[in-house]
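First subunit A sits with subunit B, and in the next complex the same chain sits with subunit C.
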Partner chain A sequence: MLIIGERLNGMFKSVAKAIKEKDSKVIHDLAVKQVEGGAHMLDVNVGPASADAVAAMEWLVKTIQEAVDVPLSIDSTKPEVFEAGLKLCKAKPLINSTTAEKEKLDILMPMAAKYDASIIGLTMDKKGIPSTGEGRTELALNIIAAAMENGISTDRVYIDPLILPVNVAQDQCSKVLETIRECKILSDPPPHLLLGLSNVSQKTLNRELINRTYLVMAIAMGLDAAICDSLDKELVDSVITAELLLNKDIYCDSYLDAYRKKAVAVR
Partner chain B sequence: MLIIGERLNGMFKSVAKAIKEKDSKVIHDLAVKQVEGGAHMLDVNVGPASADAVAAMEWLVKTIQEAVDVPLSIDSTKPEVFEAGLKLCKAKPLINSTTAEKEKLDILMPMAAKYDASIIGLTMDKKGIPSTGEGRTELALNIIAAAMENGISTDRVYIDPLILPVNVAQDQCSKVLETIRECKILSDPPPHLLLGLSNVSQKTLNRELINRTYLVMAIAMGLDAAICDSLDKELVDSVITAELLLNKDIYCDSYLDAYRKKAVAVR
Partner chain C sequence: MEIMKEKWSTPVSTVTIGATKEDGGTRTSKIVVGGETTLPFLTFEGEIPHAPAIAFEVLDMVPEEYPEALKDYYGDVMHDPGLWAKKCVEQYGAKLIALKLLSAHPDQKDSGAEEAKKAVRAVLNAVSVPLIILGPGVHNKDNEVLDAASQEASGEKCLIGNATQENYKTIVASAMAGGHSVTGESPIDINIAKQVNILISEMGMPLDRMVIYPTTGALGYGLEYAYSIMERARLAALMGDKTLAMPMICFINAETWRVKESKADNPIWGDLKKRGPVWEAATAVAFLQAGADILVMSHPEAVAVVNKTIDELMGKKLAGARS
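What follows is the complex of A and B.
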């Protein structure tokens, strides 16, 4: 299970401030702590407030790589910001993200091929997010087809079926679980399935409980990647335990510690 | 999701002592606390040490029913002990349990019909527990067929695919998850799927974490009943949250409290 740390995002005030003031220490600390918490990859988003998003992405990617060696997920909506981040990545990056719209796929799939990057595909198009599992799966298939047309192996594609907040779209949570299961058989090799987890608990009172419960359910259905808060120890403990129960890691009494030691070794 | 409290079991020293000394207060307290914790039903087992198991079961069932009104799960291996408990139950009881062996089914299915009881069917026979999901599902089918022959509706059957401890049979955890999913389509109406949860974590260091993680995964796969420790608040919180995420209860900010208030109302 690929844990992608969500905290290096300009939507967090402390990160926006650090980007503005070029405060490397704040970024280094957040990068190291997320990896120590269990993240295998870090999401990098300069946030909506950056005046010069290209320069901000360049600085952020360079600064993170001064502190950690894990691969980065370059998170943006603008092609020039993606390019700015991708060209500086030392390890094979992840593009976060394309939708299933042809205009987006036509730009971002060739970019993934150019930079030998993996890519996240959101199951939405101009009409928005389909309300059914079938609708989401259909869009996932379009994304996978576009990857193949660009010579990108289907196991470099991360399908994100777009979980919505449980307090506004409660019926969608189980539909996303079904989509995860269905998408696993769309291609050979199968695509990865990913969630931007924290969205499920937006504006709820029990955010951490809802996050970890949903993540464990999704792992049971075949989820193998999540953008989430690797500083949330209980969340990461739940992921490690779920993987253990799926026989993906060998049981030992100290399996939680063993997992984290492995993560830190690649820092 | 039916939560069956596991604590009124003579395997616990305090319960064995209370049975021996006919200490009603200990039993009343444990019954009330389990229901307050979220149990909808209580498992009743006099334990291996009771000299007169029939008398012990009679006393235990009477004593529990002085304190709570929830239905009881009569837990034994002996027909005469089942009879002793079943005949005293005020609410429709659950027989815990039969195996898929013909000799057992021939005794316990007619008993379920006689007492209008539901029944737990363990997916094992004289050869033991099958090591594959298919093997377990085949035995589940035998149990369901025996219920139908005895005029018991298939939704009165609780199939238990027998989870084994993760530290000795790690590969079995995912097979049991698959069995849960497969058994749901064996009959119409489908059988219930149940786990004796605590077995998964026997002799591990992180018992509560392993219990709640596995239970949430099993709920995602279709589990709808568990014999477990309803005094474990984090476990019950996880169950309530998993059900919320499956849209089985309506979201409100105080959904945890709301659930528990409902449970106590039936005490």
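What follows is the complex of A and C.
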């Protein structure tokens, strides 16, 4: 299970402030803490407030790589911001993200090939997010086809079936679970399935409980990556335990410590 | 026909036993085990950089009960662990000695640190091959004699055992202080094997100075269950579980020479003096296939047969030392 730390995002006020003031220490701390918490990769988003998003992305990527050596997920909507981040990444990066729209795929898939990057594909297009599992799966197939056309192995594609807040679209939670299962058989090798987890609990009271409960359900359906808060210890513990219960790891009394130790060793 | 090949992510760790002059020790040879990147002997699929090693067991006392089939070979030297080890090396080609400090067992002589040091010194002086040093398997006595042995053999890079889930702190601390490696024992239980390894590594012991002792059974006495545990551990290791990615040691002789098939004089079963070594060799070869990297054995003829088998299984890719 790939845990992608979500905290280096200009949407957070402290991060926006650090970017603006070029405060490396705040960024270093947040990078190290997320990795120590269990993140295998860090998402990097300069946020909407940056005046010069390209310069902000360059600074952020450089600064993060001073503190940690995990791969980065370059999170943007603008091609020039992607380029700015990707060209500085030392480890194979992840592009976060394209949609199933042809115009986007035509730009971002060649970019993924150029930088030897993996890529997240959101199951949405100009018409928005399909309300059914089948609709999402169809868009996932378009994304996978575009990857193949660009010579990108299908296991470098991370399909995000787009979970909506439970208090907005409660019926969507089970439909996304269906999509996860269906997408796993779309190609060989299968694509990865990813969620931007925290969206499920937007503006709810029990955010952490909802996050970790949904994540465990999704892992059981075949989810193998999530952009989430790796500083949430109970969330990471739940991931480790879910994988244990799916027989992906051998039990021992110290399995939580062992998992973290293994993760560090792999790094 | 195309051969299907599996690509594994993680190699088994490599453990070195013995320190030569350049390493600060007095041994003239080293034994290196582990480093596999595939399942046992699948040389077409991955690397098997080091052949499994066989250690000859030497005891620090003449035991009350010792198989007649073994006394034929060791009867004249059993009173002196140095002479015993020397005979293993010079006559039977041993490249690794496993000295078991049996006399410290409360049911034997209940001997202590001084006797342990004496036995270790005798073997170190008598032979120049690397050493495995084992306690009697009783917690407080293990702590006492293995600590003494670790000090006496300090810098010789021995393999010290066995640490268990209930009793590991003193043994691991002593082994670390003496620059040795350590075996972690578990009762045919993969979950405990992993737990023991984590406990040992949390004390600061590097993963490449640890060996898994999964406990075993002899042929006919639960061998297949032990086999399945070892196979599962090795699969987990190759798939990336560093806490199980250590070489494995099997005490073939201890299992073989306590079962009736190797001891009971039953004419229908054929010549007793042949039956024992055959049982030991058959058990050993089965555990080689399960992933054993170090075999502790006793009968010289059984060792000869198993060495020949290892040569055959390794094919031309043979590398590394072994008995």
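Quick note on the criterion: the second predicted complex is superposed on the first by the 263 of 267 C-alpha atoms of A that agree within 3 Å, B and C clash if a C-alpha of one lies under 4 Å from a C-alpha of the other, contacts with A are read in each partner's own complex, and residues count from 1 in each chain.
To be clear about the criterion, a residue touches a chain if its C-beta (ideal position, glycine included) is under 8 Å from a C-beta of that chain, and two chains touch if they have at least 3 such contacts.
Small disclaimer: the values here were computed from a predicted structure and weren't measured.
Measured by the number of subunit A residues touched, the leading partner among subunit B and subunit C is B. With both structures placed on the common chain, the touch criterion links A:Ser174 to subunit B but leaves subunit C unconnected. Shared-chain residue A:Thr213: touches subunit B; no touch with subunit C.
When both complexes are overlaid on chain A, the residue A:Val166 reaches subunit B alone and has no touch with subunit C.
By the touch criterion defined above, A:Asp257 lies against subunit C but remains apart from subunit B after alignment on the C-alpha atoms of chain A.
Note: residues 250-251, 253-254 of subunit A belong to the subunit B contact set and to the subunit C contact set alike, using the contact criterion stated above. Within the complex formed with subunit A, the subunit B residues making contact are 166-167, 170-171, 173-174, 177, 200, 204-206, 209-210, 213-214, 216-221, 237-238, 241-242, 244-247, 250-251, 253-256. Residues 190-195, 198-199, 201-202, 207, 232-233, 236, 240-244 of subunit C are the ones that touch subunit A when the two sit in their complex. Put simply, subunit A touches subunit C in their complex at residues 249-255, 257-258, 261-262, 265-266.
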